[in-house]
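These are the structures, in structure tokens.
One chain, subunit A, links the two complexes that follow: it is found with subunit B in the first and with subunit C in the second.
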Partner chain A sequence: MENRPLEYDYTVAKMFMLTTIILGIVGMAIGVFIAFELAFPGLNTVFGEGLAEYTNFSRLRPLHTDAVAFGFTVSGIFATWFYVGQRVLKVSMAESKFLMFIGKLQFWLYVIGVAAVVVSLFMGYTTSKEYAEFEWPIDIAIVVVWVLWGVSIFGLIGIRREKSLYISIWYYIATFLGVAMLYLFNNMEVPTMLATSPAGESAIGDWMHSVSMYAGTNDALVQWWYGHNAVAFVFTVPIIAMIYYFLPKESGQAIYSYKLSLLSFWGLMFVYLWAGGHHLLFSTVPDWMQTMGSIFSVILILPSWGSAINMLLTMKGEWQQVAASPLIKFMVLASTFYMFSTLEGPIQAIKSVNAIAHFTDWIVGHVHDGTLGWVGFMIIAALYHMAPRVFKRELYSKSLMAAQFWIQTLGIVLYFTSMWIAGITQGMMWRAHDEFGNLAYSFIDTVDVLHPYYALRGTGGLLYLAGFFIFAYNIYKTWTSNKEVDAERLNASPMGA
Partner chain B sequence: MDLNEFAAYGYFFLVVFLVVGLYSYIYHLYKNRKDATGVDYEHYSNMALHDDIDSTPVKPVSHEKEN
Partner chain C sequence: MFHWLEKNPFLFAVGVFIVIAFAGLIEIVPNFAEASRPVIGTKPYSTLELAGRQVYIKNSCNACHSQLIRPFKSETDRYGHYSLSGEYAYDRPFLWGSKRTGPDLHRVGNYRTTEWHENHMKDPKSIVPTTIMPGYPWMFTTNADIDTAYAEQLTVAQFFGVPYNKPVPMKDGSTTVVKMGKSIKEARELALEEAKKVAADMKDQDVKDAVARGEIPEIVALIAYLNSLK
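For the complex of A and B:
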């Protein structure tokens, strides 16, 4: 057998890069479509009355959120793990047939899980819990995928050459443990087939319909402990794992302060889990719990900014790289959007602000400047950095990358500014009343006023999606190009014009 | 003292404990600068910067495997 030098093996990373891009397109396209449905309700039946059941806003909305969160983002997390994990532990997956098998098994089970999610949500099977809509058989499949990922993480750590675990590994481990805990507890559910009616009838339910094991306010509390920490452990923690690897690596700069990265890590872990109560302000949840949710949300600024400032300062003295490289631009803007949304979130969690913001489009705007600006940009940057190294080809086009950056940035700005105005308008109109306490506006008045902002939001989303197509094209052309790179670049990724 | 009161005290002291723990950790990191094995924390950044499979590890596992 040929005695080749040992290399990192990116087979599984490449598989997940593919699903990151495909599910990104699917999730974002559905998002754009339903954004326009809100502005132009006729679109609900644009494919005919017969299909309206499948194309209406409420059927498609969970498909959008789940496809971008558990499709695009989670694929991105897996893809980067199977890249970064090997590199910072200095061990190749080619060294373990077992881990390679587990990685591939994880991928194929994940694909089957995604297919089951898409089909079941389209058919209308849902537990009706936000971001936890999957029925119990799919939950079980997801747990298996997650356990396999855990085997990969700890298996790779077990055979490592580098004794210390780089800060990104800490964040990946936290993602694994956090999501495992959240997912198991929030998805405790019983199929209604097993239930008995008060009259004593049994077997009157359905195997594919389940109810939560928690009831009423408790259910809401567990749900938002889950819901907000899904933001923590899917949209924040693993994305920090990525930026702590990819920004220093692409720029060639050591992390500004490794110590700050460690204490921000523990700060984030300590504070985040308590903040979910801010989703239930002014509800039936005990008042002290609402106050606690508010306070911890405000404190959350500290560890969040600790990470974000650490990233921006990593570029200290090297800002010409931001001007020169669109790849660095993506990451610097990602950390800027991270700072921005982690300031906006705590502001919205203050009770008096929340009295206006709750249930309005401002919340939707907040989620999207975090996900589009921070999560989306960081995953895009990670894949751009990985592409020349896993395909051993020069990145196809730097100018396309720059065009994508500006188109998507404009898209994000249109998105959050329109939702700010829409949300605050909505909140103020709902509250307005005359001297006798009669409401000044009916709901439909707000719908009329918001129409232009909804159209603008759809346009912003469309621009972001257009940029994402440019991204997909650029990666595809990189993959299939003939501009091979002989030796891997230490830092700045090689880019064609 | 009923269970709720007990839980409230427990919660308060847990928060105090965690806050003291976190700040002691920060103080420890910045005072010692190096971890127990004598490696400056800042050197750990090199795990990302020099991450080729044949790069020298910042801190190799004790029984280094043969390539």
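For the complex of A and C:
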């Protein structure tokens, strides 16, 4: 009994793989649509004047960011956890009816939460805080889902056979704790139905509405402490958890350096939280905080590059695999984009650069080379690695995977190059004075000049979305294929032509 | 070196939490007492202005427009005096935004009129031919939610001590009182009274008729809010 290999149970992992793909398509499709709305404003009313309230840029923008962050990415985090967690802790979900129940409950509550988010955002229910737009009833549902995930993590750890926690588990634990702390504090709000009028009336107006516990500058401070670290604990920490597991697994190479992983982990945990102030440079928050935000952003290069270099050096002596396997390509380019984006971020956080970059499309470009290149590619690679092992089928097509890789890479390059130019151009035009000391350009001049870059950016997004459809198709064909694989491959995933 | 910690999930989690919570503790907590005092001349939002602010939020205007003027010559030339912390004392949530697809609005009340907003919100291209901003014509026919705005006033007055019905110091040394109704009925009346003043400067006959009937279209509330941004 003890010597038989463990049969891992991927029921919950499969469910979340499905939402990763579906919400990825939804979020990216909305993103492409609103990108083209900026290039061709006629699209705001393309579904008719009557629907314009629901299809214009401003109503859809939070739907895009939330669908890709909390739909696609968080689903991907859950899907990989329910795969990686069992395997590195050497314990199967099938061994605990309780944990299996909690996992499924988490999934269904998550789906209900997503539905509530989509409907309420379309209707215009929003707190206006970026990546924390949801009103209080949904916040409570999200907290419940998160607590259930915590039960899964610590429950599985509680019954583990492998006593030492692997690096990926560190990062999943940090994701759980970090998001819990940030989300709770940033979403402190008072539902307005709690107030009573002097005439004794209560539960006045819309029951969904609430006001923030914090006002003005404080509210901004808490929001960007959250907003910046949502990037840390949703777009960075759990994605590192993934690459630490999937890259060594797929390539058959051991992690290059344990010490480097220790340094990067604890360094990242300590430094990241300080950097939120870089979103508030030249604002009304105290100067010392802005300076701290700037300095720590630059220091952040060290732990970020520590992880990325550790990954690239893991491939030492095995670089032919990058040429041979599109799956390895995805992961190596993901860590490269991680390096790129964690260098670009600190540059933008330097005060004099930020004076030009802030409020422009360069920031949007920066976010997207991180999310499309690093987050997107890593989740795609993780699902590709999981699929043959979860569905016990050979991956449908290697050539489709390679095509997807190149199409999406081209998409990302178009995206960030166009946004670089757009952002710096607009930033420079805003501040330009003529020889008499008057502003050289009116605001609309700085909008007109962006048209070609907006069109190019939309095209880049469209290419990425097209690649994502290829990905969805490839996974679907793998799932429904009748070519069963009997023995699981230790490393390189089996791929059809 | 840290192997013992990696075999002890509880201590590990506690350690991680302390390390990540540290920065927040140092940066956020001390600032709270200092930053939220209103500057002279900053007054709470009236019921109608607050309803307009909710329309602004409902449509995520903050996705494209900032309300934060940075202390650079190019910004003060374009938008007016740079923003001060105390001016935001009654802003829950803050609406600084993070992207200027359109211009900053923190002092838009100083240089745009009711009439300008009316035309611009209905059809932005009629004012700025090459604009990429979409029109918001449904705001002329959808009514603003005055009750929820009133509930918000009550909430901030009860929970956060926002001074409604109390004298607030103004820049010229005088004081002003922002009224808040004692009941839903009175709140609606106060809002309507203010709405009539806004509608008097507007051209849209349907909006004027609606206000005469006692209704308040979203556009009226929104313009009242935008005019209050100074």
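One rule holds in what follows: the second predicted complex is superposed on the first by the 477 of 497 C-alpha atoms of A that agree within 3 Å, B and C clash if a C-alpha of one lies under 4 Å from a C-alpha of the other, contacts with A are read in each partner's own complex, and residues count from 1 in each chain.
In this section, a contact is a pair of C-beta atoms (placed from the backbone, for glycine too) under 8 Å apart; a residue touches a chain by one contact, two chains touch by 3 or more.
Computed from a prediction, not measured in an experiment: that's the story for all the values here.
Between subunit B and subunit C, more residues of subunit A are touched by C. When the two complexes are overlaid on their common chain A, residue A:Thr284 makes contact with subunit C while staying clear of subunit B. In the overlay built on the shared chain, the residue A:Lys163 is in contact with subunit B and with subunit C. Looking at the shared chain after the overlay, A:Tyr8 reaches subunit B, while subunit C stays out of its contact range. By the touch criterion stated above, A:Ser257 is placed in contact with subunit B alone, subunit C being left untouched. When the two complexes are overlaid on their common chain A, residue A:Pro452 makes contact with neither subunit B nor subunit C.
Contacts of A:Arg87 after superposition: subunit B is touched, whereas subunit C is not reached. When the two structures are aligned on the shared chain, A:Lys249 is found in touch with subunit B, with no touch to subunit C.
Residues 163-164, 259, 262, 266, 270 of subunit A touch subunit B in one complex and subunit C in the other. Residues 18, 22, 25-26, 29-30, 39, 41-49, 51-55, 57-62, 64-65, 67 of subunit B are the ones that touch subunit A when the two sit in their complex. Interface residues of subunit C, counted against subunit A in their complex, comprise 1-3, 6-7, 9, 12-13, 16-17, 19-24, 27-28, 31-32, 34-36, 54, 57-64, 66, 68, 70-75, 77-78, 83-103, 128, 130-138, 145, 147-152, 154-160, 181-184, 186-187.
Against subunit B, in their complex, subunit A makes its touches with residues 5-8, 87-88, 90-92, 159-164, 166-168, 244-245, 248-249, 252, 254-255, 257-259, 262-263, 266-267, 270, 488.
Residues 37-38, 41, 44-45, 49, 52-53, 56-59, 61-62, 124-130, 154, 157, 163-165, 170, 173-174, 177-178, 181, 185, 190, 192-199, 201, 204-206, 209, 211-212, 214-223, 225, 259, 262, 266, 269-270, 272-274, 276-277, 279, 282-286, 289, 292, 355, 358-361, 363-364, 430-433, 438-439, 443-444, 447-448 of subunit A are the ones that touch subunit C when the two sit in their complex.
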